[in-house]
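In what follows, a structure is listed as structure tokens, so that the remarks can point back to it.
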Amino acid sequence: MNPLFKEIRRNPMLWLLVFVPVAFAAEKLKPEAHTLLFVLSVIAIVPLATLLSHATESVAAKTGDAAGGLLNATLGNLTELVIALAALRAGDYMLVKASIAGAIVTNTLFMLGASFLLGGLKHHVQEYNRVSARTQAGLLFLATIALLVPSAIAGADSAQRPAFIQQLSVGLSVLLIVAYALGMLFSLKTHRELFASAAHNEEGEAPWPMGLALATLAGVTVLVALVSEIFVESVQQAAQDFGMTPAFVGFIVVALVGGAAEMASAFSGARKNRLDLSVGIALGSASQIALFVAPVLVLLSYVVGPTPMDLQLWPGAVVMMFVATLCAAFITVGGRSAWFVGVLLLMVYLVFAMTLYLLPPQAP
Amino acid sequence: MNPLFKEIRRNPMLWLLVFVPVAFAAEKLKPEAHTLLFVLSVIAIVPLATLLSHATESVAAKTGDAAGGLLNATLGNLTELVIALAALRAGDYMLVKASIAGAIVTNTLFMLGASFLLGGLKHHVQEYNRVSARTQAGLLFLATIALLVPSAIAGADSAQRPAFIQQLSVGLSVLLIVAYALGMLFSLKTHRELFASAAHNEEGEAPWPMGLALATLAGVTVLVALVSEIFVESVQQAAQDFGMTPAFVGFIVVALVGGAAEMASAFSGARKNRLDLSVGIALGSASQIALFVAPVLVLLSYVVGPTPMDLQLWPGAVVMMFVATLCAAFITVGGRSAWFVGVLLLMVYLVFAMTLYLLPPQAP
Amino acid sequence: MNPLFKEIRRNPMLWLLVFVPVAFAAEKLKPEAHTLLFVLSVIAIVPLATLLSHATESVAAKTGDAAGGLLNATLGNLTELVIALAALRAGDYMLVKASIAGAIVTNTLFMLGASFLLGGLKHHVQEYNRVSARTQAGLLFLATIALLVPSAIAGADSAQRPAFIQQLSVGLSVLLIVAYALGMLFSLKTHRELFASAAHNEEGEAPWPMGLALATLAGVTVLVALVSEIFVESVQQAAQDFGMTPAFVGFIVVALVGGAAEMASAFSGARKNRLDLSVGIALGSASQIALFVAPVLVLLSYVVGPTPMDLQLWPGAVVMMFVATLCAAFITVGGRSAWFVGVLLLMVYLVFAMTLYLLPPQAP
């Protein structure tokens, strides 16, 4: 257990782990204190996501290149998946969909923008591999488009029939998962050289022994699942107390909390002038949400949800996802960055956040 | 007549020519067997399109560079034009519009995607002239945008007035044809060097003598027109029997049938690692539909149609055309391709096809 | 006063200054002759805009690099700002918004397209700095997106609440102005080298002495304000007489009149094969409208307007602005131009103009 404690001593973010038992205790003692439970569960998820990310990388490092890459790619958004699953079981499909859309938008605008800004404040102009960035931005663009087609087509027509949307969502989910599997074959096997190294270990972070890594992976996933349940149960009420719309919570809060670990890696890469890493994490993670997390949730809704979930998104979310991936594709076309590019990406993100915050709540 | 028979012996696709008389016979004998007539006419059009394409290229090769290029560019989509004319005369404007939109989408997503996939399965990474591809993708993007403006503007406004749309469609058609003429001047005269060689003859396919080529051109055009009439008459009923929506038939079936000959050339170029050729055929053909076929059909509707046709498209078609050309523009920006890029383009196409297949039929 | 008269003698466009007193006289004598007043005020604004632009550049040249750049960037769209202010005071928010949207569309499609066409007719293929052009197109794209978010989100939802839109517009305006200030810091201070020289003096145009320049700046601004008032008062009635819709007047006429001086500079740069200059003027001016003029007008509407103005645009304007900046971004990605690229940009502009001209007037 030594490396785990060493890691905890080294990384101040992990000190927040103390909030995990606090959150469980608070739920037992004060099940009605929604705002408190919401805040505690948010704070507790951040260090768990960091641990999960570290454990996944350790297992990946041990199992070797192909299998490790596969694992890393599949479990990279495990936190987002577990939170969304808790919302799925609770039948809160609005929250599930908002968190899918929000994760894509947050990764492409906030994670990328803040990386550019933080890197640009330290380095005058940063260059990165534009062939690799273009490939990844292209994949993300096509993946997002595929995900958005049902909403765009159905939204454009006046007569929306639920049965049609449901059939389409299942067919689309199968297609997306097939594309995801082929994409793994592409990025891990046939065209590995096009992608920036998937392992984003910090220097000085030796991988953990296999047993510890697997145990951490299993244990922390269970903890995330339990904390996510507290989060999902309290979020609606707490959002109202804070004056936040449900759309804002799903889009912004869940996405920032779920992606905290990856953001730490991306920002650290940018500061070290390794923007390839930051761009790879941001765009790769967003692609994975579109190609893997979203369709898996649709298919799982037939097993765990009270009713099947479709992929039709709220029109504003469609606009935001489309715009976010378009921005990412435009910005990465040149392979150069400076601080103001980051500012502009963050500004678009802030505009989205402000819109969602001010948006009057809608009938579901 | 020798070269024609030699060609037929050499090219197995032309053996399907036997279905041309079969289709005519079936129409005389069983005019009510819509499904049979539909299938027969589809099979009969494919070899006719191939012959038409070969005859056009032969005439073009004989008449020399500029005039030949002009001919090739104008008659390259003759099959699509003749099918659409048959639908126009029958007053089936939904089919006409769906076949215009479908040809653009099929060329940019299916033809380009399958070329990338087929080429990528044989060659690890394929490079092509990105300056030429960008120019062509840019032209296609602007041409599609111009074509979509009336639908986008009118669709965005609640009050759509038919007279306004009709006036706008005619004005736009004139503008598009002027732009097309200037584009010919540009690509055949002033900036010929920017475009990949327009002649896409297979090696070993000697051009036919002029007389034979002209006779074939005339005769086959008449045959395509006659078969198209059987096709248009039977398609509605047959689509219902097959459970296909009219939108699916126009968008997918007509586009795949009408473009069969060009697809054969594009795929063969990709296998031979001549992706410039494939990209040129796919993007050039799509541009031609937008700048030439579509406006000509609008203007011809005043002569041959029961009522004038406008250019207002169904909103879902607008989304698909816009997305397809955007994808093409993004994907071709780097000038490199690998098999997975083709998979993703095909996936977006499959998503579109699935959406159209499942879409509940609408009131016209 | 010598340099001013020398300039007037040299530049035939300034001879139109004679229409300034004519317009004032006409307003006193025939206040009901709306069509005449409209025509006179349009003709009078063109030379005033030219003088304003020259005076701004002279002051900028004297005050040195950073402050001069700041001045140039801030006052570059002074004419547009003053015309919009006159419309704001008159409470004609439709005209204000149309002129904002129209200035962005006209700069990116007409000014850029005509520069490419005029330059391309003289030079076979023109190259320009694609890194600088991409940066500027990227900034313009993000700025336009931010400006469009409220309209896109609100337009996508059925329930639009005025209070929400108003709050969002104010918040957005503050954000845009902050981004504009940071952008100045970026382009004038930290990353000056990425931008083409902001001063676009003609050779042989010596800067004026400071006193003359400042006096001209002040005097001409007052004259523009006075003429703009005649323009705004007469435009509604005159548009009706000419059969032009209010949208057409705001979008096309105001934008062309207000941007006349910058167009002269951009076109002259293109003819001299200095396309960097033309692209910089066109994209920079459009960014400035989005990031500075639009939010300033929203905030000023609380002071000078009868009621606060929001940033919600008519859906057709959203489509046009989005398409225009997308076209600009695509076209400038390669850093090369030829005459037909200009033709296509102009064609899209013509399609927009035709649509607005034919569009049946709407209830406000």
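Chains: A, B and C, in written order; residue numbering restarts at 1 for each.
As a convention for this text, contacts are C-beta pairs under 8 Å (C-beta built on N, C-alpha and C of every residue); 3 or more make two chains touch, one makes a residue touch a chain.
As the structure is a computational prediction, the values presented were derived from the model and not from experiment.
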Completion exercise
Rotating chain B so its CA atoms sit on chain C gives an angle in degrees, to the nearest 5, of 120
Exercise for the section: Indicate whether more than half of the residue numbers at the chain A-chain B interface occur in both copies; give same if so and different if not. Expected result: different
Fill in the blank from the handout: Note: chain B sits from chain A at a C-alpha centroid distance in Å of 40
Handout entry: Per-residue multi-chain contacts in chain C, two or more chains
Key = 333
Exercise for the section: Going by the contact rule at the top, pick out the chain B residues touching chain C in the complex. Expected result: 131, 134-135, 137-139, 141-143, 145-146, 149-150, 152-153, 156-157, 159, 161, 164, 167-168, 171-172, 175-176, 179, 182-183, 186-187, 190-191, 194, 329, 333
Completion exercise
In the complex, the residues of chain A that touch chain C are 124-125, 155, 315-316, 318-320, 323, 327, 330-331, 333-334, 336, 338-341, 343-345, 347-348, 350-352, 354-355, 358-360, 362
